[in-house]
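The structures considered in this document are given below.
Look at the two complexes coming up: chain A is in both, with chain B in one and chain C in the other.
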Partner chain A sequence: MPDITPALEIVDLSVGYAGETGMVPAVDGVSFSIAPGEFMGLAGESGCGKSTIAQSILRLLRAPGIITGGDIRIAGHDMLTSDEAKVRELRWRTASIVLQNSLTSLNPVKTIKWQLQEVLDRGGGSKSPAELLQMVDIDPRRLNAFPHELSGGQRQRVVIAMALALSPQLVILDEPTTALDVIVQQEIFVTVKALQQQMGFAVLLITHDLPLLFDVADRIAVMKDGKIVETATVEAFRRHQEHPYSRTLLSATPRIDFATPDVIRPKDVAHPVLETAHLVKAYGTNPLTGRSMLMAINDVSFRLAPREIVALVGASGSGKSTFGRMVTGLTRPSSGDIIVDGHTPVPVSRRRKSTPRAAQMVFQDVYGSLNPLHTIGHHLRRAVISAPHAQKVDVEARVASLLTEVGLTPPASYLDRRPHELSGGQRQRVGLARALAASPKLLVADEPVSMLDVSIRRDILNLIARLRDEQGVAVLYITHDMVSAGYIADRIAVMHRGQIVEEGPAKAILMHPQHEYTRRLIAAVPGGLGLPDGHTDNHLTEATT
Partner chain B sequence: MALYDTLASARRKAFGSIPVTVGAVILLILVGSSALAQWIAPYNPKRATGGINEFPSLKHLFGTTGQGQDVLSQFLYGGQNTLWIAFTIAVLTTLLALIVALTAAYFRGWVDDVLTLVTNVFLVIPSLPLIVVLAAFLPPGPLTMIAVLTITGWAFGARLFRSQALSLREREFIAAAEDVGERRWRIVAIELLPNMGSVVAAYFVNQVIFAITAQASLEFLGLGDGGQVTWGSMLFWAQNTSALIRGAWWTFVVPGMAIALTAFSLALINNAVDELGNPRLRADRLLRRAGVRKSSASLMTPVKRNA
Partner chain C sequence: MLYIAKRLAFYLLAAFVAITVNFFLPRLTPGDPASTIVATYSTTLNEASLNALKAAYGLTNEPLWSQYVTYLGNILHGDFGRSLSNFPAPVTAIISAGFGWSILLGLTSVLLSFVLGSALGALAAWRRGGLFDKLAPPVLLFLGSFPYFFLALLLFYLFCFKLQWFPMGNAYSSVNPPPFTLNGIGDVLFHLIAPAFTIVLVSLGPWTLNMRNAMIGVLSEDYLTLAEAKGLKPRRVLFSHAVRTALLPNVTALGAAIGGVFSGQLLTEIVFTYPGLGYSLMRAVSSVDYPLMQALFLIITLSVLVANFVVDTVYVLLDPRVRTGQEA
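Coming up: the complex of A and B.
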């Protein structure tokens, strides 16, 4: 007889955070349940309360979080009325959780064998640490490794092995692959799905990535402002979204329009805005032998024409960010040449007021790239004052026009605000305005949208494209995301282990990847590239010619 | 502006809690009464104005010393001398530590190596013997006291600030400021330093406590200026006139309590400063305010229906 008790049952759950002026609600009357063995996805944007739910289930939510109402039952066990001893008994045995940052989930000074054994010692597990590692496709010989000796993907696998050690009925995955790149993400979910087939546990996957849920989940719940606005099976959801917010979320995902052909810009060979020749950046050079521990950039020769957007695509550790930092002068190359607009970039430490700044950086971390103590006005005024000018400029007027250019209007209302008063998208607009202050010829945008919510990513990408059109600035767009690269870029260069392995017009690369690594990057995109059905290679060739 | 806002919100948070208010009131009374010593002290602290070791009375509220001086007057004037020296030492050590730490953290490379080496040397030197030796060789007086305790007291702070500054330096807003072409000193002073506010404030408060107790210890050992009236020298003279054997407890309890109360009030204030830099402490307070009694060791999200 099948087990009819749901693996997880949440009824009318409300969670809030105690604040200076009373409770701030975060989750408001949420109900859903997960059947045994079901794979449920909970999607929503940052701040919608999805992680609050994930952590409340095992009552792991940190102070000042308070559960203010409702019921949580895991396989029939009431979590909210149980005392501390009972809850501790249920954690890991009945339900377990995998968090986003595997570095902080594992103890850095213990071997993974010790840490797996610690979970097993609670009793109930039938496997040995070696078998657990084998289960998640890690060589059991690595049992005595310390967490820092494993890659990010392997560490997350170890955490998953731990979560499964006591054969729980429910595993909560809270953004487990957000910090990892697409290829690793795909491999991890292949493993999780296979294990779920074998062991029959239920999964609650928390993510902001709807296409990922299309690939892995059975059912989807969409959250907005602490409430679930829609729950549906994946098949039904793909066909039709009931709630307007779900539709917004889905349509906001950048899509590549394969119908319009690539714009082939005439290559201005005489005056490229960026040119590198045999660029090398090596770390950890041995002073005796002259050999390097790590070649972050290995002999890269690359050109970027004025008004061109080139996406530099690669997985984490491929060297793409190092390349961007060298172009702007934040990092110095070991050898080779960089010419930006006719000059070698001046290292930031030797930069003087009059030094022209042909290349400016747009940073990834929208929370870390603005000083939390200073106003938006301060950031932009400083950028304008520090920039080289032929004649005297009216700083306030320039700041206002920069804010207008990036779509923050009216400018006056933003000047006195501090970064924490802005949304992620608005912060990135400020970051763009700051980079534009020196009227650069080239913007180096290092993952400018990867930390933003899905619904505003496309707006920022469109803004970057518009700035190119209006201001004539060239863009080096550094990303791991093939879809956004295809969406915005004229050309794509694929970077792998410090070398550019493939380069060409964007859509041509996406449709006819030549290099094995490019193929893997494309295959790993969650939900696929969204190529329309019936597109054959022949047909696509026509589209690009 | 930024600093003003931080201070304003600090004040709001600080006076929200009872321990901090108590600490601030005690410190205000101690500092205020010492500052007004010239006007409110009943007698000259150095002159014998009563009998030897007189029990507290209306004429001598805190009694008299073994040399017939008024203990209340000594307490007030002694507070003046003790506190200004202590605050000066705290300001100087904090500044010195900040300068060393920010220079090391910002320039890194060999500058960092040299400064860290110097800091480590000062950390390793056994400070109490060094203090005693220095204080014994230099002419006694407030300046010697300040110099000796500043030289021996800054190294730990430099360590603390350097690690904080190094982690802040890796934040992207510093790279962004470099990229727009800000000058180095501006990045350090305007971008980096304000973000270290809570650590610096906490360290400063601790340094005041350190300076008061270290100063009192030196003077108690007779290494201060015997002619000056301070809380430490009051203890020194109480010991020298065998106050303990004669049962004249008021001669050492009064300065002892003064030192203890100052340290106590500063420790209470430090609680609020800590909370600025440690969100977990603040979260616990918010939970208590919301009516949840939670032991800080508990790893369970509390349930409170109809909150």
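Coming up: the complex of A and C.
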């Protein structure tokens, strides 16, 4: 290598957060370096300190975060001892950053041209805003667009273009595609890899997604509790993980067991728990012409048998969540029929005490779906009391048995806790217990694990499968993740632009997808599905070359 | 453009409703004002004069709806009838004399408190937890909890009466309005200071607090982190990114505030004997001048509507998100 100065060199970095009881360490003696042009992955779960490192590199850490020791050098420039003006001058020229949330990364009231130009105005950029957009495959005619007029993937591309405007030696990608769906994620990384080959910048990709790193990175560092527990090249790491935590993290990713065949259930049962006929949900319908701005659900006829788990898979905007909301009565259909356990879902506002609640919802956002002011006991008691036929049951005993069912034992120790005292996984268990309180025939689980850490996702999925086995509840599992769908579901229905384009036994769909869109969804899965019949794993490198 | 057209339609409808209410409300009260006035003169005037008086006040036996149509037509021609206390001066003449002064005082104080409050709020949020951030909000809220007239009386007593720093009322020193010269403008501004200062002081609190809270929200957004990461100068991060977006909620509040300031301003004008609409209104009330009152109410309502429409239009220019009909 001609240039021996590393793109990034971190030596013994320690960062703490000042709290009431003194300094709480977040990063503890971390050292690593990235060679010029190298693609480094930093993997770890939420709270392990990986984003704190990202912020420290550009010295963006805000109070109460304080760098307590160590050195950070970007392409030889010391970031910690330089004064504020010098650091400001180094930012973006030596290293730039792409943040997780593409929606809030751009100023909503300025055009993207203005925001790109703002960076170029610092001088040193060789490209015009139009050329920058072209570089990330966005039509330069969109220069005067505002951020809200672009899709999530396009916005993230704009930020990447911005990050490369001053040709830095290092680009930090802090979970850049977590909020995007797999197809968009794959397309973005194809672009990043191609640009990296052209321009030769180094990348630090921070993520919780190990399979993604297998696809894109050269080297992997695994972080836990503020320390790097293992650093290895991707090839070595795939073969053998030195540290037990790395093994835990890797094995936590659900793996589809292709050896056991699909359980084929009779297709036309006499009493399906859910049946929809020609279901339509249209938004922005013009009352004069009858034309709609958006067909969220377009003529969907679908059946779900008792005790069946069906995964409804699709990219964001495919209409899968709208479908789930209509099934539970949260949204009313424009036309068509829904029958849940023999009844049409009653809108929440018109529910009476005796109305059966055959379908219950489990929400994605485990932080927003439990009122932080109330105890777990209160949440569950309310759910039990408001369930139909509640007067006949002993509320406290029912709450305790619900908590036991979802694996929160002993129940008494959870009753008086509030949501913030629970981990994300425990919160989702409470969400499941709450949904079960009304003894539903159908659980509608809308991305129940996508906000959880990798290591607990499989536990929650296993719990859902167990609830089906023990309680006989059917599950509509809404997700964008093909792997977890194949892991848990009996059947997969693929949704695209408001229509179900393909439907069938789970493993059959994964192994022999018929529809073009299903193939794209499967191809975009980072790390591949682990198919038995010698499919190639590394889809991304395939797409790049 | 569609958005502005929609807002315009809404405000035209609101104006129409205001005019209608303004017409029907006095007529719904038992013994409507006009006949009361005529009744007081009925013993002293002869038949012909009484009829002439009735005609002048538009007191007819026509059905209500045809009176309403006549009223609408008159308003479109700018005819609000004649004043009672300054008979036979038309109401429009009296109003137009005070209107300019009220607009001057209103615009000055609203814009001043908006700009000042937003700047103070931005400063407090930028140096969050600093001394200024700890002191400014409670002090300003304390001042803001005073009623307008109370603070006005206090300041009037202190600065105009005791210290005599400022003139004791009126909008200019001479009998006639001053000429449009440097001296004249200076004189007008000098008379403006005390009443405008009162209004600014009372209304400053919410502006500061709202701006501070909006700024704190914006400061935690990713695009601010990114702006800082881009190596922009702190001034640029503050003004082009933080203040620019944090100002939006305050611009929305501007529309609502204009209504509130207007009513508070009326009382302030009375205390400082400032010759605006508030002063006219007080005279109208004390001399039971119904036509003048009715016209004043209408003018005030319509001004608030116009101000809100202007604010809505400005907002469209400031926030691209509402242009496509999405929520802000």
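Here, the second predicted complex is superposed on the first by the 527 of 545 C-alpha atoms of A that agree within 3 Å, B and C clash if a C-alpha of one lies under 4 Å from a C-alpha of the other, contacts with A are read in each partner's own complex, and residues count from 1 in each chain.
Heads up, the rule we're going with is that contacts are C-beta pairs under 8 Å (C-beta built on N, C-alpha and C of every residue); 3 or more make two chains touch, one makes a residue touch a chain.
These numbers come from a predicted model, not from an experiment.
Asker: After aligning the two structures on chain A, examine chain B and chain C and state clash or fit.
Answerer: clash
Asker: A:Val475 contacts which: chain B (first), chain C (second), both, neither?
Answerer: A:Val475: touches no partner chain.
Asker: Could you tell me if A:Ser105 is touching chain B, chain C, both of them or neither one (first, second, both, neither)?
Answerer: A:Ser105 contacts chain C only, not chain B.
Asker: Thinking of the overlay built on chain A, is A:Ala438 touched by chain B (first), by chain C (second), by both, or by neither?
Answerer: After superposing on A, A:Ala438 lies in contact with chain B but is clear of chain C.
Asker: Would you check which partner chain A:His148 touches, where first means chain B only, second means chain C only, and both and neither mean what they say?
Answerer: So A:His148 only meets chain C here.
Asker: If you stack the two complexes on chain A, which partner ends up touching A:Leu60: first (chain B), second (chain C), both, or neither?
Answerer: Once the two structures are laid over each other on A, A:Leu60 reaches both partners.
Asker: Looking only at contacts as defined up top, I'd like to know whether chain B or chain C touches more of chain A.
Answerer: On the superposition, B touches more of the residues of chain A.
Asker: Answer with first, second, both or neither: which of chain B and chain C does A:Leu116 touch in the superposed model?
Answerer: Neither: A:Leu116 stays clear of chain B and chain C.
Asker: Have a look at where A:Ser96 lands relative to chain B and chain C in the superposition and call it first, second, both or neither.
Answerer: In the superposition, A:Ser96 contacts chain C only.
Asker: So which positions on chain A get touched by both chain B and chain C?
Answerer: 55, 60
Asker: Considering only the defined contacts, which chain B positions touch chain A in the complex?
Answerer: By the definition above, chain B touches chain A via 1-2, 6, 171-173, 175-182, 184, 190-191, 194-195, 280, 283-284, 286-287, 289-290, 292, 294, 298-307.
Asker: Note which residues of chain C are touching chain A in the complex, please.
Answerer: Touch residues, chain C against chain A: 221-223, 225-233, 236, 240-241, 244-245, 248, 318-321, 324, 326.
Asker: In their shared complex, at which residues does chain A touch chain B?
Answerer: 16-20, 22-23, 55-56, 59-69, 80, 84, 87, 328-330, 348-349, 351-353, 355, 357, 360-361, 363-365, 368-375, 382-383, 386-388, 431, 434-435, 437-438
Asker: Quick one: which bits of chain A touch chain C in the complex? Just the residue numbers, please.
Answerer: Result: residues 55, 58, 60, 88-93, 96-97, 99-101, 104-111, 118-119, 122, 146, 148-149, 159, 162 of chain A touch chain C.
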